[in-house]
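Given below, in the form of structure tokens, are the structures.
You will see two complexes here that share chain A, one where it goes with chain B and one where it goes with chain C.
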Partner chain A sequence: MKKITYFPGCSAHGTSKEFDETVKMVMKSLDVQLEEIPDWNCCGATSAHTLSEPLSYALPLRNLVLAEKLDNTTMAIPCASCYQRMKVTKVHLDKNPDLSKDIGTTIVDEGTYQGKIAVKSMLQYCYEDIGLDAIKARVTKSLAGMKLACYYGCLLTRPKAITQFDSPEYPMSMDHIVEALGAKATEFDYKTECCGASFSISNTEVVIRLTGKILEMAKESGAHALVVACPLCQSNLDMRQPQIEKQTGEKYNLPVFYFTQLMALAFGMPEKELMFRKHIVPVEGALAQIGKIEPEPEKVKKPKKAVEAESEAE
Partner chain B sequence: MITLGLQEKNTLLTDVNKRSGANVLECYQCGKCVSTCPVSNFMDFPPREIMQMVKLGLKEQVYLANSTWFCLTCSACSGRCPREIEIPAVMEAIRHLALEENYTNKSAKVKAIRKFHDIFLDMIRRYGRSYELRLMVEHNIRTRDLFKDVMLAPTALLKGKIPLLVKPVKSAKAIRRMFKMAEKLEQKHK
Partner chain C sequence: MARVGVFVCFCGANIADFVDVPAVVEEAKRIREVKFAIDYKYMCSDPGQQQIRDAIVQHRLTSIVVAACSPRMHEKTFRKALSDAGMNPYLLEVANIREHSSWVHQKDKKAATAKAADLVRMAVAKSIANEQLHEISVPVTKRALVIGGGIAGIQAALDIADARIPVVLVEKSPSIGGKMAQLDETFPTLDCSQCILTPKMVDVASHPYIELIPYAEVLELDGFVGNYKAKIKKKASYVNFKTCTGCGACWQKCPVKVPNEYNMGIDKRKAIYTPFPQAVPNKPVIDARYCTMLTKGKCGICSKVCEKGSIDYKMQDEIIEREIGAVVVATGYDLWDPKPYEEYGVGRFKDIITSLEFERMVSANGPTNGVPVRPSDGKVPKNVVFIKCIGSRDEAKGIEYCSKICCMYTTKHTILLHHKVHGSHSYVFYMDIRAAGKGYEEFVKKAQVDTGATYLRGRVSKIYKKGDKLMVRGEDAQIGQVVEVEADLVVLATAVVPNKDNPDLARLLGVSYDKYGYMSEAHPKLRPVETAKAGIFLAGCTQAPKDIPDTVAQASACAAKVCGIFAGDTMKKDPMISTVNKEFCSGCQNCVTVCPYGAIVTEEVPMGHGSKEMRTVAKINEGVCQGCGSCVAVCRSMAISLAGFTDPQIINEIVSI
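This part shows the complex of A and B:
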């Protein structure tokens, strides 16, 4: 059994409880033990780096130091924002000893930072460390019939120098994972556009506009649902969807799943444990697509003469 | 270019470059950042113009622009910048410098954004973790927009999307001390 350090993040206790729960279920079934950082604190999210540079490093640093005490080589983080703050801090402190020394003074009891733990997003961990073959091997209920638009948002793959994972323009890791589960990933051009993130409360107009475009493009791609790996993206796309529909007059009806909810579903775990009841946009319609496989478009047989004419022309 | 001759006396340029680790002079004004930026049409000056204004040393206009507050740090611009300039880092550096020198954009939008971050940090100082319900309520009170998102509340609360309570960290003292030390480091910057 593998063991990794786990940082759930604040939203795991509320907004994204279904992400946290399904991560735990999926990891257990993949034989990975999650060791939660004891008494972790908030990473500071957008607010800390907006207002104070030292604080934006200090808050993640305490978690990194506590994480290193657990003696695992890797830490995996479900929330994209927590992941980004932790990784930014790690990259900057590892690169700059003076900064590391300065920020180190904000931590007293926890110990000193050594820079020995690898920081990964849960998506990255699933894709790189667990791997598609292991995921495929665990599938007992294929999701074939479901068409999914995989939405990555900004923070999982950008900036490339920090994340060192997948493509910043057109990532495919989540697409490959849902295809390993049997579903079809649609061609979705807005997969890395920003949803408006923390403006959800302070500048809702921006979120409605940006998230609205993402929903529109996902619908156009032919998807039955969106798949995400970030609590804030999920809440903007799901909770604000009725508001956006009212404003644009369109009906999207696109449930927004965490990729781990779908993994758990395909691994045969009971639906009622996947917390679909927490979704604002009902999931039933999308789930009903499972098993409904469209017939392959029939190839139009060319009349014999035309085939002969073509081969002559060559 | 006209901007090059102004370098020596341009303290804005030196400050921004030093703080951000980027070199704003590299910008050749192609405008790719503007077309990529999801919020450029909400900004007083889109990223390209901010870059040029930094080169020209227009300190007050740059510090007072709403642009740095609207930047979502989504890094779409820097990913596509042909000069590989970390534009979000430049935006952040300008925001921090403006805060330190007490330049305040007084528009309602920027005030609302800033209040959100103030309340959020205050919450972390107090609980060590974020507390969404309090954040939403307090933001409504402090921006005098009491009924904002009230329609969302019943469903969100019933479905457990927004928890009623927060589980604070046990080492509250360590968090408070961290905030104090971080403030000291900010002073050192000045």
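This part shows the complex of A and C:
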């Protein structure tokens, strides 16, 4: 059994409980033990880094120091924001080791930062450490028939210098994972567009416009549902959907799954435990697609053309 | 007793505004050996030089100090003035009080004046130890090597050959013509590229003074200016050019189809091929990577259909040697690969193409008969978005510099689209329109009016697919808003980058190159075609991105430089070179290691007078030595001396201040 450090973050205990639960289920079935950081604190997003730079490093730093005490080589974080704050701090401190002392002595009183733990998003951990083969091997109920638009949002792969994972503009890791589960990932050009994030509260109009466009493009890609790896993306795309539908007059009907929910589903875990009831947009329509496999259009063999010269000598 | 003359220049206001010139003259007069000192507004002008000539005679001067601009600028001018007055020109010393004082100390006139006086004192002290030196004569092989057969190489070769100097033109691909042969029309006059280029290609092939070696590469270049020896590899073409008539039976029957480089891979060519119908020489070669006879030993059709029996599957690469006096490097450019533009979907969307692909499609001899089509479905596009500066001026993804030609060829492309597709519309996203050149701005203005193209100032941030259209989202900075354009086809003006072989070739030639891979000229303004290595010149995009007019001009300039070297049977060279005192030389060969020009070899001399025992000492090749002084600095036994910079001269300088 593998053991990794787990930082759930605040949304895992509230709005994205289903992410947290399914991560735990999936990891257990993949033989990975999650060791939660004892007495972890807020990562600071997004208030800390908009108000105070030292604080924006100090908060994740305390978590990093605590995480390192657990003696695991890797920490995986489900929430994209938490991951981003932790990784930014790690990269920053690894480059400027003296800063860890400065910040550490003023705010953190838990020990010294060693810089030895790898910080990964849960998506990155599944893709890089567990691997597509292991995921595929664990599938008992293929999701074939489902077409999914994988939405990464802005934080999971950006900026490249910080995340050092996948493409910042057209990532494919989640697409590969859902395809390993048997589903089809659609060609989705809006997979890294901004959803409006926390403006959902302070400037809802912006979120409705941006998220609306994402939904529209996902629908156009032919997807039955969206897949995400970020609590805020999920809440904007799912919770705001009825509101957006009212404004645009379009009916999207796109449930928004966490990728771990779909992993759990494909691993044959009972639907009841996957907390689909927490979703605003009903999931039934999308789940009903499983098993409805369209016959692949037969490839028409082109008659072999006679060899012709493209150009002639003059 | 030395009698030194000092001539201090105002350089208009350049020196005089920041250095008290008369005060410097007064300081000079206080030096014991200075018998004459004077200032003048422009010492380099004829009246200025006349003062020097007169003073030499009147005051019986033994050495001259001119305190003025950098010796790189006017040392030659003043040396000639000395010669004209009957004095050895190497008795001149230049004190650089402009670049080294007035220009860099503009805030402190007093200090600048004191420094100028010091520089003069040093030059005076040095000049006292100056010796009479004489130019060196080196024999010259009157044959030029031109590397690269694009328009730059073609122009240089023709100009040199027209002066009845033999030229060896080496081209790496099967035909000369280069990138220009791929173009349809050329800005700013819309001349047909083929019509102005192919006659020149034919001239090259038929010129009695040009030896054209296609499908070949330069492997080695040894020697020095006037006396190089080049080793050239003729790659195996598997076709005997002497008997081949270019009838075309072989490539018509060849069953192996591969992407056609000439058409940017839009269509296919055969494994035995000529790059394009107007190729020079119009003889096919077999591409050994693809020919199944060469890779698997199966086929042999071309050999069967060739009536002349010209196919020879056993042909080997051949190494030949040529004696060369001067080299013109004209290796051209490559285009930047736009893959890093992931947000545009480059590589995912078939209907995003590069400008050169568009150029091939609109070319009369192109793969689509001159009509642009969408690679995805073959339909003729109506709305075409052109995006400039892809890779250029882009520190994040590409390179920092401006590629110089993209503004103009994109303008040309809007015209070609307008001509070829009725009802079409061009959208151009740009950062700036850089149209500096004769007739360029007028060309852009006229194109904008005639085509009605929509110019949008701003960068494109994203391209996504909607149905079968590409949605291009960018900023229109002039209205401060995000705009989206529905496009059938997107054309990327990708940056000009140096030929990928440049660094290897530069090392082989002993020429320096910059961080991008462009070969470096000796001086950005005053020696733009020379390299730091004597006798090697640069033409076209080998040196920096250039359009055709500039390339041709530079190629002709190279030809003039080459002809200059070949003007006499021998070549004159500055005597400022190193010599080895064999008595002192310990044979450690440190100098051999540090010499950047490979000018130092070793020789065996007797241990002592009449001795049969031999020992190794350093020997300097006069023709190659550039007088940099590196060897002098590393010589532990002080056996090497650099003429014009001898120890007494340097010590005098140091002691004087």
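Throughout what follows, the second predicted complex is superposed on the first by the 293 of 314 C-alpha atoms of A that agree within 3 Å, B and C clash if a C-alpha of one lies under 4 Å from a C-alpha of the other, contacts with A are read in each partner's own complex, and residues count from 1 in each chain.
Throughout what follows, a contact is a pair of C-beta atoms (placed from the backbone, for glycine too) under 8 Å apart; a residue touches a chain by one contact, two chains touch by 3 or more.
Predicted model, so just to flag it, every value in this text is computed and none were measured.
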Partner touching more residues of chain A, chain B vs chain C, is chain B
- prompt: Between chain B (first) and chain C (second), which, if any, makes contact with A:Met217: first, second, both or neither?
  reply: second
* Could you look at A:Ala264 and tell me whether it touches chain B, chain C, both or neither (first, second, both, neither)? => neither
- chain B versus chain C as contact partner of A:Thr46, first or second or both or neither: first
Task = Using the superposition on chain A described above, determine whether A:Pro168 touches chain B (first), chain C (second), both, or neither.
result = both
(request) Could you say whether A:Val206 touches chain B, chain C, both of them, or neither, answering first, second, both or neither? (result) first
(message) Let me test your reading of the model: by the given contact rule, A:Ala197 touches which partner, first (chain B), second (chain C), both or neither?
(response) first
Message: Once chain A of both complexes is superposed, is A:Cys150 in touch with chain B (first), chain C (second), both, or neither?
response: neither
Query - First, second, both or neither for A:Asp102, with chain B first and chain C second - result: first
| request: Would you check which partner chain A:Ala80 touches, where first means chain B only, second means chain C only, and both and neither mean what they say? | output: neither
Overlap of the chain B and chain C interfaces on chain A comprises residues 168-169, 193
In the complex, chain B touches chain A at residues 38-39, 42, 70, 72-76, 78-79, 86, 88, 92, 95-96, 99, 109, 112-113, 115-118, 120-121, 124, 128-130, 132, 135-136, 139, 143, 148-149, 152, 155-156, 159-163, 166-167, 169-171, 174-175, 177-179, 181-183, 185-186, 188-189
Touching chain A in the complex, chain C uses residues 246-248, 251-255, 257, 260, 267-270, 274, 276-278, 282, 342-343, 345, 348, 367, 462, 464-466
In their shared complex, chain B is touched by residues of chain A numbered 10-11, 13-15, 17, 39-42, 44-55, 58-59, 62, 102-103, 105-110, 154-155, 158-160, 168-169, 192-194, 196-199, 201-204, 206, 210, 235, 239, 243, 277-280
The chain A residues in contact with chain C across the complex are 167-170, 187, 189-190, 193, 217, 220, 307, 309-314
